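As structure tokens, here come the structures.
One chain, subunit A, appears in both complexes that follow, with subunit B as partner in the first and subunit C in the second.
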Partner chain A sequence: MATSFKQIEENLKTEAGKLLDAGKVSMVLAYGRGYDEKHPLPYVARSLADVDGMVFNEYCTANLARYLVRYPRGTKIGIAAKAADSRAVIQLIQEDKVKRDDLVILGIPVYGMKNAKTDEAIDAKTTCGLYNPVIYDVLLGEEVHGQPVLSPYEVLEKVEAMGQDERFAFWKKELDRCIRCYACRKACPMCYCDPCFIDQNKPKWGEKSPETGGNLMYHLTRFHHLAGRCIDCGECSRACPVDIPLYLFHKKVAKECEEMFGQAAGMSIDEKPALINFRVEDSDKILE
Partner chain B sequence: MSFEPKILGIACNWCTYTGADLAGTTRLQYPQNLRVVRVMCSSRINPSFIFKAFQLGADGVLVGGCHPGDCHYNTGNLYARRRLAVTKKILEFSGMEPGRFRVEWISASEGNKFAEVVREFTEEIRNLGPQTKFKIS
Partner chain C sequence: MLKKTTVQKLSDLAAGLMEKGALIAPVREEAGHNFREISDPAAVDLDFYNTLLSPKSVFFPHTEDFIRYKTGASIAEAVCVEPDIRPTVLFGVRPCDVKSFEIMDIHFTGTGKVDPYWAKRREAATIFGYAFDPNTPADPADFYSTLGIGAADPEGSDVFMIRKDQDLLLQAVSPKGEKLLSELPSLSDASADDQKYFDGTVAAGRTFKTRFTCVEAEPIAKKFEDLFHNAAFWEKVSEACLSCGACTFVCPTCYCFDICDETLFSQGTRRRVWDSCMFTDFTLEASGHNPRTKVYQRLRQKISHKYSYHIRKYGPISCVGCGRCTRNCPVNIDIFSIVNEAMKA
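Moving on, here comes the complex of A and B:
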């Protein structure tokens, strides 16, 4: 039996309270009330009194690892992390953006999270499909047992089966709808570059207004920059106001990286990100 | 008029570019469709260069570097190999014909190989026809 959302919320408040009270962390990143229960907001608790404002329900999909890089190095932070979110934390540790010792990870086993826009259950179609955090200090509920119904890459079959021209038409149609609001990169825990390449003027990589060429440049390069780093939380696609299925491309790149380099992003703090690493025995086959 | 492919070559200074020089000084014939940009190492190549080249109308992109183990900076091409493999997969999944992008290891003494690769690649691109998918009109 999965722990209820109410119970997780209670546990979250208790554990966050303990950490703040003992001075072990200077803040806890969690979820707070939004304008309705479907739209909880990221929430920072800095003292025991703030803990009461925390909520946790099936719509708390945001990946809070996104906010870790905002604070100066060395800040002691407690963070509520669901399964994919914990992979983001691991990935950020691999990239030396945060230190393991500075974090207290409050792991949340997820079961039954929902997309606030569609009210559909979130599963391996749009995320990595894991139930339990990969890394945590305290687990705020019972581990969820059982295998995901789908493998995370099954959803790719349809697009993979397309011919080149059909696939190009598919992506052109999708990416042409992009309004360049950059919600995708804002939601992504791995998009922390400042400035982002697409905001640069010298060199100017692509048009900044929403049009075919600039959209293609922005997205292809973003997919590339996330290769071996995207932990498949699906937040970019949920954040997108025009519902572009970015997760399909990210999943494809992740799948290829796993096949070529034998490691998935954000699964162990002892690994190095695949693209800032190499093995002498890597084969030239990967270039074919 | 028959189609003459425009091909961007990106070659590392120490091996492939020197190999191209050798091909030239030994008077080897190869198609003039290739325009070479020299970089210091294959790992200097930002994948966006390749996307950009296609947007600006290249029909093919050929990257040349030292053989693995021979990079002037020891490990540059070992990183580049992984990175460019990802570039290739991304191009392919976006719907671009995979044959339009190629990576070859060509050493400074392989003038022959350089000429051979350029000949072969140009033919391949000629068969694929003009690249229109990424091109910004």
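Moving on, here comes the complex of A and C:
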């Protein structure tokens, strides 16, 4: 039996309160009240008084790791992290964007999160589907036992069965719908480049107008910049106002990466990111 | 004279309208309904709450070509792109969105400098407004009643439509609408009962409550002026903001654009493309200086523009409470709550 959302919320408040009270962190990244129950907001508590404003329910889907790089290096931060979010924390540590010692990770073991827009359960179809945080200092509930029913790559079956032309047509159709609001990259914990390549105009990598050329340039490049780094939280796709299934592409790249290098992003703090690490025995498939 | 048809015969009405010009109407798409040009009259779908994207793109497309040129060639060879202006019927627009056109008119035609692209498209369009159903509660993100907009206000439309169960009642509001309605054979005359229902709904729409807070233009403009230097307030309300462009791109009253030269091989196009004050490079100057490097400065700009600068310069608040920004914000930032908090600050 998994810990209830209400209980996790209580535990979150207690642990966050302790951390702030003892001065172990200067802020805790968590969730707070939004305009209604279904729409909680990422929230920062800086004092004991702020802790009361925290909430946790099935709609607290945002990946808070996205905010870590926003604060000056060295800031002591407590962060509430569900399974995929904790993988993002690991990946950011691997990439030296944040130091392990500066973080207190409040791990949230959970299943049954829901997408507020569709009310669908969030599972291995659109995310990695893990239940328990991979890394944490305090666990805010009991570990969820059992394995996810789906592998995170099962959803790829349909795209993988497509021939090259069909696949291109599929992606062209999907990406043609993009309005270039950049919510996907801004919601992504791994998209911290400033400036992002697509915003540069010297050289100019891609057009600004939401048409096939620029859209393909933006997305295909972004997909590849996320190779071996995307931790499959699904946040980009949930952020997208026009519901482009970006997760399908990210999952495909992640799967290939895992097959080639035998490691998934953000699963172990001792590893180097797959594309940064060189090992003699690495697969050469990428060159074929 | 009030006309009527049924929802079942909507495609006949749509087909009739397509004979008058391009028909742009709500169709069901992957993530929700959107206004699209109709090629199959059966695709028009009035079973929607409100469209995902606002109808502003009908008059102010995301991308608009101005000039075509060849790189390396003489400027004399560059050609102006004539905008594609056709008689258009814009069908099924909610009252808050109809109101947004009036606000956008200020910028595109009302300041003395007329934007011919907007103006000509506006002129060529006949707008069929479509009442929210006052018997269905408003979406929790909406707050148009705060801005004095009714759920069934016919003002600003050429024809206004109210759904009565399986019937669709259509009332001409402007002479343009009157003329068009009289030319549609698929419509029949409505009864006195229908008229009563129509008038009753318009009246009920005026007291229909979405989320509500009392906002008066002058005091709120002043409030945001006073809050400008209150970085703590802005940092707090923008703490979750990702600084993306979702809220501004879906907004019916955001009108910022960039002028871009886009070239493919040697064929160049000078075009305007929507831009967003929430983008980091929106205020990036050629020198490299950026006056708004922080997220809170950008969110402050977005909200103060709508709720303060706009009032000072042009009178009305530049927001119609359609709720799109709130519904589409990936982290659930809600402009209504921020305005509310500002009033209490």
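Here is the rule we go by: the second predicted complex is superposed on the first by the 284 of 288 C-alpha atoms of A that agree within 3 Å, B and C clash if a C-alpha of one lies under 4 Å from a C-alpha of the other, contacts with A are read in each partner's own complex, and residues count from 1 in each chain.
Heads up, the rule we're going with is that a residue touches a chain if its C-beta (ideal position, glycine included) is under 8 Å from a C-beta of that chain, and two chains touch if they have at least 3 such contacts.
Since the structure is predicted, the reported quantities are computational estimates derived from the model, not experimental observations.
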item: When subunit B and subunit C are modelled together on subunit A, clash or fit; value: fit
item: Which of subunit B and subunit C A:168 touches, first, second, both or neither; value: first
item: Partner chain in contact with A:66 - subunit B first, subunit C second, else both or neither; value: second
item: Degrees between the directions from subunit A toward subunit B and toward subunit C, using C-alpha centres, nearest 10; value: 90
item: First, second, both or neither for A:205, with subunit B first and subunit C second; value: first
item: Subunit B versus subunit C as contact partner of A:35, first or second or both or neither; value: second
item: Partner chain in contact with A:213 - subunit B first, subunit C second, else both or neither; value: both
item: First, second, both or neither for A:230, with subunit B first and subunit C second; value: neither
item: Partner chain(s) touched by A:181 [first = subunit B, second = subunit C, both, neither]; value: second
item: Contacts of A:280 with subunit B and subunit C, given as first, second, both or neither; value: first
item: After superposition on chain A, the shortest CA separation from subunit B to subunit C (Å); value: 6
item: Intersection of subunit A interface sets (partners subunit B, subunit C); value: 213
item: Interface residues, subunit A side, partner subunit C - complex; value: 34-36, 38-44, 62, 66-67, 70, 116, 177, 179-183, 185-187, 194-195, 199, 207-211, 213-214, 235, 238-243
item: Subunit B-touching residues of subunit A, taken from the complex the two chains share; value: 159, 164-172, 197, 205-206, 212-213, 216-217, 220-221, 223-224, 227-228, 249, 252-253, 256-257, 260-261, 274-280, 282, 284, 286-287
item: Subunit C residues within the subunit A interface of the complex; value: 29-31, 52-53, 62-63, 140-141, 211, 239-240, 242-246, 249-250, 258, 260, 262, 264, 271, 273, 276, 279-281, 295, 326, 328, 330-334, 336-337
item: Complex contact set, residues of subunit B against subunit A; value: 47-48, 51-52, 55, 68-69, 75, 78-79, 81-90, 92-98, 103, 105, 133-134, 136
